[in-house]
Amino acid sequence: MTKFVLTGAAGALGSVLRGPLSQMCDELLSTDIVDEISDLAPNERFVQADVSQRDQIGPLLEGADMVIHFASIADEAPFEELLGPNFIGAYNIWESAHEHGVRRIIYASSVHAVGMHNVNDGIDLDAPHRPDTYYGLAKCFTEDLARMHWEKRGIECVAIRIFSCSPEPGNARALGSWLSYGDLIQLVQRGIEAPTVGYTAIFGISGNTRGAVNNAKASYLGYVPQDNAEYMAAELLAKAGKLDPQDPQHMKLGGPFAIVPLGESGVAMIKRLSEGNA
Amino acid sequence: MTKFVLTGAAGALGSVLRGPLSQMCDELLSTDIVDEISDLAPNERFVQADVSQRDQIGPLLEGADMVIHFASIADEAPFEELLGPNFIGAYNIWESAHEHGVRRIIYASSVHAVGMHNVNDGIDLDAPHRPDTYYGLAKCFTEDLARMHWEKRGIECVAIRIFSCSPEPGNARALGSWLSYGDLIQLVQRGIEAPTVGYTAIFGISGNTRGAVNNAKASYLGYVPQDNAEYMAAELLAKAGKLDPQDPQHMKLGGPFAIVPLGESGVAMIKRLSEGNA
Amino acid sequence: MTKFVLTGAAGALGSVLRGPLSQMCDELLSTDIVDEISDLAPNERFVQADVSQRDQIGPLLEGADMVIHFASIADEAPFEELLGPNFIGAYNIWESAHEHGVRRIIYASSVHAVGMHNVNDGIDLDAPHRPDTYYGLAKCFTEDLARMHWEKRGIECVAIRIFSCSPEPGNARALGSWLSYGDLIQLVQRGIEAPTVGYTAIFGISGNTRGAVNNAKASYLGYVPQDNAEYMAAELLAKAGKLDPQDPQHMKLGGPFAIVPLGESGVAMIKRLSEGNA
Amino acid sequence: MTKFVLTGAAGALGSVLRGPLSQMCDELLSTDIVDEISDLAPNERFVQADVSQRDQIGPLLEGADMVIHFASIADEAPFEELLGPNFIGAYNIWESAHEHGVRRIIYASSVHAVGMHNVNDGIDLDAPHRPDTYYGLAKCFTEDLARMHWEKRGIECVAIRIFSCSPEPGNARALGSWLSYGDLIQLVQRGIEAPTVGYTAIFGISGNTRGAVNNAKASYLGYVPQDNAEYMAAELLAKAGKLDPQDPQHMKLGGPFAIVPLGESGVAMIKRLSEGNA
Amino acid sequence: MTKFVLTGAAGALGSVLRGPLSQMCDELLSTDIVDEISDLAPNERFVQADVSQRDQIGPLLEGADMVIHFASIADEAPFEELLGPNFIGAYNIWESAHEHGVRRIIYASSVHAVGMHNVNDGIDLDAPHRPDTYYGLAKCFTEDLARMHWEKRGIECVAIRIFSCSPEPGNARALGSWLSYGDLIQLVQRGIEAPTVGYTAIFGISGNTRGAVNNAKASYLGYVPQDNAEYMAAELLAKAGKLDPQDPQHMKLGGPFAIVPLGESGVAMIKRLSEGNA
Amino acid sequence: MTKFVLTGAAGALGSVLRGPLSQMCDELLSTDIVDEISDLAPNERFVQADVSQRDQIGPLLEGADMVIHFASIADEAPFEELLGPNFIGAYNIWESAHEHGVRRIIYASSVHAVGMHNVNDGIDLDAPHRPDTYYGLAKCFTEDLARMHWEKRGIECVAIRIFSCSPEPGNARALGSWLSYGDLIQLVQRGIEAPTVGYTAIFGISGNTRGAVNNAKASYLGYVPQDNAEYMAAELLAKAGKLDPQDPQHMKLGGPFAIVPLGESGVAMIKRLSEGNA
């Protein structure tokens, strides 16, 4: 019997994953900090838990084969707010995995771990960490933690560096950075079904015509994106109009996160910029 | 209102670009050293100018948004002949762009900037300059000039390293090096419409089955070639017959330019070789 | 008149190549250590010869344009057994080629020359030799020999690092490593028809969704795989079941060869493991 | 008037630095979690503060030119114990520096940020993070934090990756990893006096004959080690006796930390191993 | 009989080289655009010539074994002014060398060919061209020209990328960038006496404690600097005072040239900055 | 009790090593194909054995701690002659080491494993194999064999790529390539006394001013050359006179071996060239 644990199950991406995950295992234990979630699959069980509390999250991993760890604050925020869910939460997951003999963790990392690289650097998976925010720093922290747990304890991890995951590409930057829900699901599935993965990072983007990064070094995972933001190119480019080439947000992989003040919400900034003209 | 300036408008490639460019802007100012050109588009204006004369070319850039700089002698020639159009001309364009606040230049660079690399080196866009001719040296000069103007003054540039641009692939080497007119147009359009480009070089080849170079580091531009020289493979390989593996022209990216004496016409040499058996 | 020599003509892969090769040349001389082979093509001639005996194999190369060198023991074996066919045999081929002015050799190298790299290293063609067996060491030896003969004597070589070449992908590992017969034939043909190749190595795998290696640096050869093991994914993954992530055979390119004791048959080990559950 | 702040002033290394630092500035503010320290220099002031408490540490940075940040638990420990001083403490320092306009931070990083690399990898400063312990992970975290603060806010940092800093080289491993007190002082001084440093990491080792890492990429700092552990070679090698080549602690930069269980004290392990025979 | 030709013989560096060069050959032909130079060595002859005029400079190379090419405007200047001596002059030297069978050219290149790299990039000789001025662009041009003449015609060249060559280190930046006259002479001599050099670039700096670049890839030339700017460190650092870390001139190899407006004198800027406080 | 086995003990280098080795162990077993050697050390025993005969060489390794494997034909020769001592001999040593539990092998590899690289490539220890002769190919073979035995069986190896080992530097090339006897002894000693080495290659050259290669990646071994060929520079350069820059022997690391016909003696060629004027 196969048991998976999904953290952050009530979040935007967790909600997308619940259905597909329930079909990849015998038992899906979904958890989140919210009180309840609706529409449980027949083999799905929900347990409320705060990932930043080891005694809450730890016991859920008992008997699990894999953890799909998506719980976190999904935006730039003050470090003090990120500390529990994004840093301590990751620690709790890996230590609990070790305690319960869980073999592998699929982790929702982010482009913001490398957001200060330029789009025309054409980076691949060997590029060093260059976080653009405390949010990105938490992803760097967890990737390094995951690599260490593989090298010291043999716990496997696929870290998916999610770019802009949404139903539709929402602005000009998303022509390069969009990750469709379908491709997210595929990435998670590939990470789960590969016979062995050690520690592997992979960029989570769809097959966008204007994608700026190179996944060749993780090709063994067999990720073949099915979607491409290009169908929205004419509309979104027109909407963006002329941009300031000296503005780092247009040259950095992290986009607006590259210029957002540390600790302030990047989502609010994107909204503000979008309502303006970026 | 958007104004583009196209230099070398009467040349082989400039002629291909005039129509498409006229549709990407409100006003297209086409210029060349020849007296006149025919078939102007409704929003196209022609002004005769010698790119090697700053006082002729400079004023044309006033109010321009972008310059598409294709004016040059398009063949190996004595340095003294290349000096005006290919070296000084480039200088004139960038200085005039600075003077008039032009934001970006799309530049017709060439494979001959890196022509002494071998086909089985599989170079990517980080490979160092290795010019094969004075013609190629002028491309190295202009690429370095363009990078400097980006780093010092913020003038953007996409340098398209054009391989063998022609209506049809013309010889065995072109199976790897062909650039179709359609793909050239796409490259120029991608360079124009990308929100920001900084300084970016990209190889200008079609999606040839036997292409020898790797554009992954400029993938953010979204260039997706539509053509492939392979449809001519059987015919052209048969025509080429057996080649001398020790002859550098078959192993070097620059092809015949890799063996043409400096300062002598490579086009004449290609013709001569083609009439023979290469 | 074009003459090709195929060694190892009676082997599993040699048998696949005989027909297609006979159509690429005027005269195909097939040779093997066996007494005879059946179904000769009209322009094919068979001569029994032991590749480890220079006086047997050498004279066959007289007048040849190319040698397709596939003769070898195709499995891990004691070094003493490999010495004749896999080491001395290669030496005999290259020296005889030099003696008779043969221009190019297509060589059946193997993934086992680099079998100790990990699948998530995402290696390309510049990765250093890391043999996993004496069998792989013979491939390293021959690749180095071939490169030297190109650099010192101008004899060209394409070394095809064959992964798992078989009619169908046979186990979970083959989802990444399969090379179909059709793609093998294409690789050999590309190596033969390219105008010049110098010394070039290329990975011999089909276009597998889960392929772990990168052929970009040999793209000029124009190899475009037509097959993909993925059609067997569901079946083979199910058959494999859960694997031990700490077991090097699942993380190394060489697969079971990465753990087979030196000098013992890897094929037997694969069979044993397959009958178990790996 | 120049003001420096030294954190961890009562620690083993802080105590070494207090005197020299007091001579490089007009006012030295030394702080530590202990109650008091003795032998204050004339221009030195001590304030007790817990670096993990922003309201305690923050105000001390007012008017400071530089912070020399050495406060931390200097050993592997449970993550929960490291969280305050080693993670949150670093955050507090950088945020407070930003708040008070401090220009530069000299940071006591550690070899354990890269401790899982092998000694015969010969790594240089571009090698990726591979922490060997939670202690090392805190160093990775702080280095990434520091780089981000430089790229986003212009706060400079020199991260000194301290190896084995002690009065004398204490075991066979220290022949490669020793950092003398004198060389530590020089490293800190170089970091302080360099006109500009951006974000720079440098390995903190003496000029040991058997040093395994390469500082060439930070040569502009002008660090020229004056000490060398080699004078103890005969004695320490004899004491070590034969070692197990398969034991990772002898091949990894991190030494015993490469094998210490996560969260347990590496110092205790070293003591235990030393009393045995490693 | 050995004949050397020195161009720019009356310049600051040419004057330093005349004496030593006269002792390395049988006949030294010194040339410059000035009318005359004094203190000729017994085997030295002076001929006035403008390097930008082929008919003046070309005939002087007849019978020469080597050219030591130092003629150029040694400062940033309008491109129009640099064109003759720095661009066309280089062309004239190489073409004349080809015409007269000269075997090797020692060329005074400059750090300003790579001046936009950061000091903490720790670049080595493989770093790409990133000129900081038109002056630097002329050096890039000539280096590419030289490499091409080696690859196409077999004319050897050692390009010495001179940093800050002066009798004494003159400011804080020179602690890293100084090249003493003695070390310049050694570099030229090494370039002359090496049996073969092909095309080789080497950084021209003394053995400065704070040097930022790495000459390891040209170690075969045997350049062992004898001088070190460090003896001036205390004085020059004190004089410099506090610098603005955000000011690119302190982080770029090119120093003030990294911020000098294109076409304006960098020397004047340095003077101006030095009189201020940089 | 420590037992070392030295193969090739009667050879030029073996003779140099016997004395020093006898002082590093309790028992030195020296072996060679010759009948006897003189001047045995008190703790040295000589046994005649042909390294190409497993039954002769194998039993000698019983109880050994280390093997110092220097037996080989030390010159280019027909492959058939090299096969026994240089190829099979190496195999015999490693298999016998495995059989008898020997922990480490110090191997006399050679520059000729990488002899086709250019001196101005400035290669380091990561450069790929590019043998210049069959002699060099045997070194490539053995290095790959050694790496495999480390990765598969845990037998350690230090491969010393010996350049020109002789009492005095003998010609102009040796100014870069000389290895003094003293430095050879140090290299062997460092390889023996390092606590662990895994598989490590290191260039065997003295600290020559004109050395062309970079040992930084093996710095942990602590090799600090004491000798330098430069004291002979004036004399040897004068003797060499002018060399042909187009002649590969002057640009390739392998020197005359880079041009010696495969299978013919390079020593004879060096002698011939030296008596001429190269």
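Residue numbering begins at 1 within each chain, and the chains themselves are lettered A, B, C, D, E and F in the order written.
Heads up, the rule we're going with is that contacts are C-beta pairs under 8 Å (C-beta built on N, C-alpha and C of every residue); 3 or more make two chains touch, one makes a residue touch a chain.
Which protein is which chain? UniProt says A, B, C, D, E, F = dTDP-glucose 4,6-dehydratase.
Since the model is a prediction, treat every value here as computed from it, not as a measurement.
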item	value
Matching chain pair for A-B (criterion: over half of the contact pairs shared, by residue number), options B-E, A-C or C-F	A-C
Chain C (dTDP-glucose 4,6-dehydratase) and chain E (dTDP-glucose 4,6-dehydratase), separation of their C-alpha mean positions in angstrom	52
Averaged-CA centre spacing for the pair chain E (dTDP-glucose 4,6-dehydratase) and chain D (dTDP-glucose 4,6-dehydratase), given as whole angstrom	40
Contacts with 2+ other chains: residues of chain A (dTDP-glucose 4,6-dehydratase)	216
Graph class of chain-chain contacts, one of line, ring, star, complete, other	other
Those chain pairs that satisfy the touch definition	A-B, A-C, A-D, B-C, B-E, C-F, D-E, D-F, E-F
Complex interface listing, chain F (dTDP-glucose 4,6-dehydratase) residues touching chain E (dTDP-glucose 4,6-dehydratase)	118-122, 124, 172-173, 175-176, 208-214, 216, 230, 233, 237, 240, 243, 245-247, 250-251
Touching residues on chain E (dTDP-glucose 4,6-dehydratase), where the partner in the complex is chain B (dTDP-glucose 4,6-dehydratase)	79, 83, 87-88, 91, 95, 116, 126, 128-133, 136-137, 140-141, 144-145, 147-149, 151-153, 262
Complex contact set, residues of chain F (dTDP-glucose 4,6-dehydratase) against chain D (dTDP-glucose 4,6-dehydratase)	103-104, 125, 154, 156, 193-200, 216-222, 224
